[in-house]
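Please find the structures below.
What follows is a pair of complexes built around chain A, which joins chain B in one and chain C in the other.
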Partner chain A sequence: MIGEIAHFLSLSAAVLLILILIFNVFFSFNKIHSNQLTLSLRLFNQACFLVFISFGMYIYLAISDDFSIVYIANHSNSQLPVFYKVTSIWSAHEGSMFLWIVFLTGWSILFLNSLNKNHPLKRLTLLMLSLIILGFMLFLLITSNPFERILPFGVIEGADINPILQDPALAIHPPMLYLGYVGFVIAFSYITAYLFNGDFELQWEQDIKNWSFVAWIFLTIGITLGSWWAYYELGWGGYWFWDPVENVALMPWLASTAFMHSLFASSKSNVLKAWTMFLGILIFSLSLFGAFIVRSGIIDSVHSFANDPERGLYLLGFSGFISLLAMGIFAYRIPSLNSSKLVVIGSKESFLSMNNILMITSIFSIFLGVTYPLIIESISGDKVSIGPPYYNTIFAPIILIASIFIMISVDAAWQRSMSLRNISLTAAIPSVFSLIITYVVWYATGIFSILAYIGIFSGLLILTSYFVRVINNLFNNRFINKGSAIAHIGLGLLFFVVSMNSILSYEKNLNISLDQTVAVDESVTAFSFDDIKVIKASNHDIISAEVSIRQDGKNVLLNPQKRKYITRGQITSESAIQATILKDTYLTIGDQLENGSWTFSLKINYFIKWIWISSALMVLGMLITIFKQKTS
Partner chain B sequence: MLQVRKNRLWKIFTIFLVSSGGVFLILFSLNSTLDLFYTPSEMLEADIKPEYRIKLGGMVKNGSIKRKGTATNFLVTDFVKEVPVTFNGVTPDLFKEDSGVVMLGYYLDGIFKAEEIFAKHDENYMPPELSFEEEKI
Partner chain C sequence: MNLIFRFLIIIVPILILVFFTKVLLIDEDNKLINFESKIFPEFEMRDLNGNQVSAQSLSGIKILNVWASWCITCLVEHPFLSQLSEKNIEIVGLNYKDTDSKAIAWLQKHGNPYIFSIYDPRGDLAFDLGVTGAPETFLIFDNEIIAHVQGEINQQKWESIFLPLINNNQDQS
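Presenting the complex of A and B:
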């Protein structure tokens, strides 16, 4: 019964949204009644509340193990802890789409009600948001109904959540990611409304700035959590695979980073207005494209949901329509948007626009990498895939040029050209130091990889130039923008540690019998396989190995496991990780051979912790920027 | 007027040159990093040079997995032809007999040397080409 009520509430929300659109578009588009906005907003708020209540009921259904609902029966289980019963809702397509809509309505209702009562763009923004929410509501209810029942009777026990998703990081990764993806709907709708309205005297940057910044924070956290989870849970020892689904998350991230920067330029010196608006529209369009790629099954990826042409077609049509609508309005208004002011070459905003172009180039390259296999397949029928080498070669030069611009722009001023002499002065110390350190790394490791050294050098350029700036701030009291400095130090650190990781990390495969000890290399001088036992847990059996290694003169105990989940029969590996500041010792247990011995994979991964630290720094920098604005 | 046109022409020409250079670089790096996907039959028909890295997908033949030391040897089949595969390292959890597998590696002297093995996060996964082939059988 509760399922039917929840279903009914969602349907009613969709009907209310249709009413809002009909009421505003067909009856009184030009003739605006005084209370029309009030009424529309009231209807919109009610629609949103219906969605929230419906989702709340759905959570209740999941907690109370209502296995007569197909989706819950397929993805939950009565033995699961309550926490995972709730998170099982977003472990597959239908439920995660529902969550997506809840966030969409959440952002929308907060934004609309925060706007001034008679804000000139309120009605148009409301209509755009209603249209987008309605599109997704219809998608959910028509093609992916989470409320569908197993008739006439439900099943007794659910099929359980996929065990690799039974993990705290992964439980909060989708909500964070979606909050980010969906948060850019505000910039999207507001800019479209602004362009449609056509009154270009209005100031629009301030209204959406912080909303977009907060969405950026969620997106960054979401991507990092996904990466962290993949690192410790999948047992491959990697944190980023250039998988199509990772790429479609990276594209909106890059677009929103470019958007933030150009927003700063356009609010500081009144340039790049049209460009900023274009980016604001682009971010959410890329989020929509991502939703299409992930949910249509068009690309074969470890993340993709099941293949369904009907869903793919709907999403392609809907995202295409929404994006083209916004882009069309933008194109129509372009002639009247030209900023009267031009970017001064050598000013801070000129370097910033250069990096904007680089970020767009990266987005384009990723887009090409994701779609190229599809194009090739439709033309020649050949199946191809594009892996890390493509992205590494494309990104190395982009990162290098971007880092040079970041280094120079640290000392550049808004609207004023910087002399060549000053540019060389700014660049001198970081360039020399970075070259020396890069050479030292090369000399010490003896490993050569041109791409990795470009990354190391680029990261060092950013780090050393900010180091110089911090010193200047401490001793000469020169101004430093704290938020920006922390975020860019995070970025420089990321380039540096990722490249160091790629040259230093290595893997050893071992075949060893119980009670045997072997030497691995100069660092791991002894590796002993002490014990192996079978443990019974509530919903899975564990094979747990005890391994003690002597590494760099210290003893380390490691406990890699294999788990077999009873309901699904699925086997997962739990790698044992001993993390230190510099490197992680990462051990996975493989299979047993006929002679009773076991295989192990020992990976030494460098600087992994620093990858998470660098993205935490970027988030921190952003937070400082937001709060500093509030107080000033 | 002429001067203005000339300038405009130069501008367009430069933009054209720079962007075609960029596209060329991207396509060049695309081509050198592309991995072609084959089924065992397709791979045996095609002339694969030892230095070409390719993706091979199929089903792990029942009863063919032999492990020795850290090496795993098995046969991958598309129900028409089969290819011996050797892999050094720990195989993924979903790697098992009678189950779909996709590998990245090189074809040398009649043996496919796999550098990476992908098994999908779905126990019923089968490469799309194969589920098609299987229906035919």
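Presenting the complex of A and C:
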């Protein structure tokens, strides 16, 4: 019964949205009464609340083990802790789409109600948001109904959530990512409304700035958590795989990063206005494209949901319609945007527009990497796979150029050109320092990889140029933009540690019997296999090994596990990780061989913690930027 | 210049849209109707444990799955293959363009659903089979290839393509 009520509430929300659209478009598109706006907003608020209540009821259904609902029967189980019963809702397609819609309505309702009562763009933004929410609601209710019942009788027990998803990180990673993806709907709708409206004297940047910044924070945290989860919980042994689904999350991130930079320029002076709008539209279009890639099953990936051409076609049609609508009105309005004022070469704006071009290049390269296999397949029927070598080769030069521009632009000023003398002064110290340190790294490790050293050098360029600024600030009291400095230090650190990680990390496979001790290398001088036992847990068996190693003169106990889940027969690996500030010791247990010995895989991964730190710094920088604006 | 840019903004999304619609509408099953069965090529190779294997090892109903430790999609379909092997369906692995230590480590980490895995580091046998990448899955009946699927094998493809052929051939024999 509750399932039917929840279903009905969702349907009613869709009907309300249709009413809003009909009411505004067909009856009085031109005449605008303030009452009409009030009424539309009221209807919109009610539609959003209906969605929230419906989702709340759905959570209740999941907690109370209502296995007569197909989706819950397929993805939950009565033995699960309540926490995982709730998170199982977003462990597959239908439920996660529902969550996506809840966030969409959440962002929209907050934004619309924060706008001034008589804001000239309020009505058009409301219509755009209603259209987008309605599109997704219909997609949910028509092609992927989460409320569908098993009739006439439900099953007694659910099929269980996929064990690799039984993890606290799953509770946060998808919601954070979705909050980020969806948050850019605000910039998208608002810019589209602005372009439709046609009053280009209106100030628009301030209204969406902080909303986009907050969405960017969620997106950054979401991507980092995904990476963290793959590394620590899934035992993949790495943090980034250039998987198509990781790529479709990275594209909106790059676009939104460019958007924010561009927004600074267009709110300071009138330049880059068209750029900023284009990027604002592009971010959400890329989010829609991502939703299509993941949910159509068009690409084989660890993340993709079941293949269903009907869903794919709907999403493609809808995303295409929304994006083309925005792009079309943008293309139509370009001439009247007055953004043609020439950018002074060597000014801050010129570096920011350079940044835009580099970001678009990166997005295009990733887009090509994602679609190229599909293009080849549709032409010749061959399957090709594009992996890290492609992306590393493409990104190394882009990162180098970007770092050089970041280094120079630290001292650039708005609307004024930078003299060649100033440029050389700014660049001198960081370049020399970075070259020396890069050479020292090469000398100390004795490993050579051109791409990795480009990364190290680029990272150091950014780091040293900002350190020079920080020192200048501390001792000479020169101005420094704290938020920007922290975020860019995070970026430089990221380039540096990722490249260091790629040259220093290594892996050893060991084959060892119980109670044996072997020496591995100069760092790990003793590796003892002390014990192995089988433990029975509620829904899985655990094979747990005890290993003690002597590493760099210290004794470390490691406890890698293997779990076999009874309901699904799936085997998962729980790596044992000993993390120090510099390196992680990552031990995974393999199979027992015929002679009774066991295999282990020992990985030494450098600078992993620093990857999370660098991303935390970027988020921190963003937070400071947001709060500094509020106080000033 | 401005005009070209405006034109591009509209035309590029449209092209992308058309392309993806085309990709979505390619009928997967169409490819299989035209599938002609052929004899499994002769080979003499080693498996990952170092044992000699040849075409004679493929009698009866066998599934041949092309996999590699570097292949992410193989990891996606791996639980499904494990389910099949628990139902006593015999799956032979063809370890494709991989190194044996990595391949063995991968099997140890994720479980081994294969009765044995042919070690094909250069992709010679895979080339004879017409393999273009990993994963791919073949259905073999007494040394004859009767079905070939590129990409992930899952419940749906198993039920629509492999299962009818298996039942069919079992009835005949």
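Going forward, the second predicted complex is superposed on the first by the 630 of 632 C-alpha atoms of A that agree within 3 Å, B and C clash if a C-alpha of one lies under 4 Å from a C-alpha of the other, contacts with A are read in each partner's own complex, and residues count from 1 in each chain.
The rule is simple: contacts are C-beta pairs under 8 Å (C-beta built on N, C-alpha and C of every residue); 3 or more make two chains touch, one makes a residue touch a chain.
The structure displayed is predicted, hence computed values, not measured ones.
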Chain B and chain C placed together on chain A: clash or fit? clash
Which partner does A:Phe467 contact after superposing on A: first (chain B), second (chain C), both, neither? neither
Key: Contacts of A:Asp243 with chain B and chain C, given as first, second, both or neither   = second
Output check: A:Asn509 vs chain B and chain C. Expected answer is one of first, second, both, neither. What do you get? both
| request: May I ask you to decide whether A:Trp612 touches chain B, chain C, both, or neither, giving the answer as first, second, both or neither? | output: neither
Query raised in the report: What is the contact status of A:Gly590 with respect to chain B (first) and chain C (second): first, second, both, or neither?
Result: both
Name the contact category of A:Ser573: first (chain B only), second (chain C only), both, or neither.
both
**OP:** Check whether A:Ser601 is in contact with chain B, with chain C, with both or with neither, and answer first, second, both or neither.
**Re:** both
(message) Contacts for A:Phe52 in the overlay, against chain B (first) and chain C (second): which applies, first, second, both or neither?
(response) neither
Per the contact definition in the header, classify A:Met327: touching chain B only (first), chain C only (second), both, or neither. second
Overlap of the chain B and chain C interfaces on chain A comprises residues 235, 300, 302, 382-385, 387, 509, 568-571, 573, 588, 590-591, 599, 601
In the complex, chain A touches chain B at residues 162, 164, 235-236, 300, 302, 361, 365, 368-369, 372, 382-387, 389-390, 393-394, 507, 509-511, 562, 568-573, 588-591, 593-594, 599-601
Seen from chain A, its contact residues with chain C in the complex are 235, 241, 243, 278, 285, 292, 296, 298, 300-302, 304, 306-307, 309, 312-313, 316, 320, 323-324, 327-328, 330-332, 334-335, 371, 374-375, 377-378, 381-385, 387, 509, 568-571, 573, 588, 590-591, 599, 601
As the complex stands, chain B meets chain A at residues 22, 26, 29-30, 32-38, 55, 67-70, 72, 88-94, 104, 118, 120-121, 123, 128-129
In the complex, the residues of chain C that touch chain A are 2, 5-7, 9-10, 13-14, 16-17, 19-26, 70-73, 75-76, 79, 82-83, 86, 101, 104-105, 107-112, 132-134, 136, 150-152, 154, 156
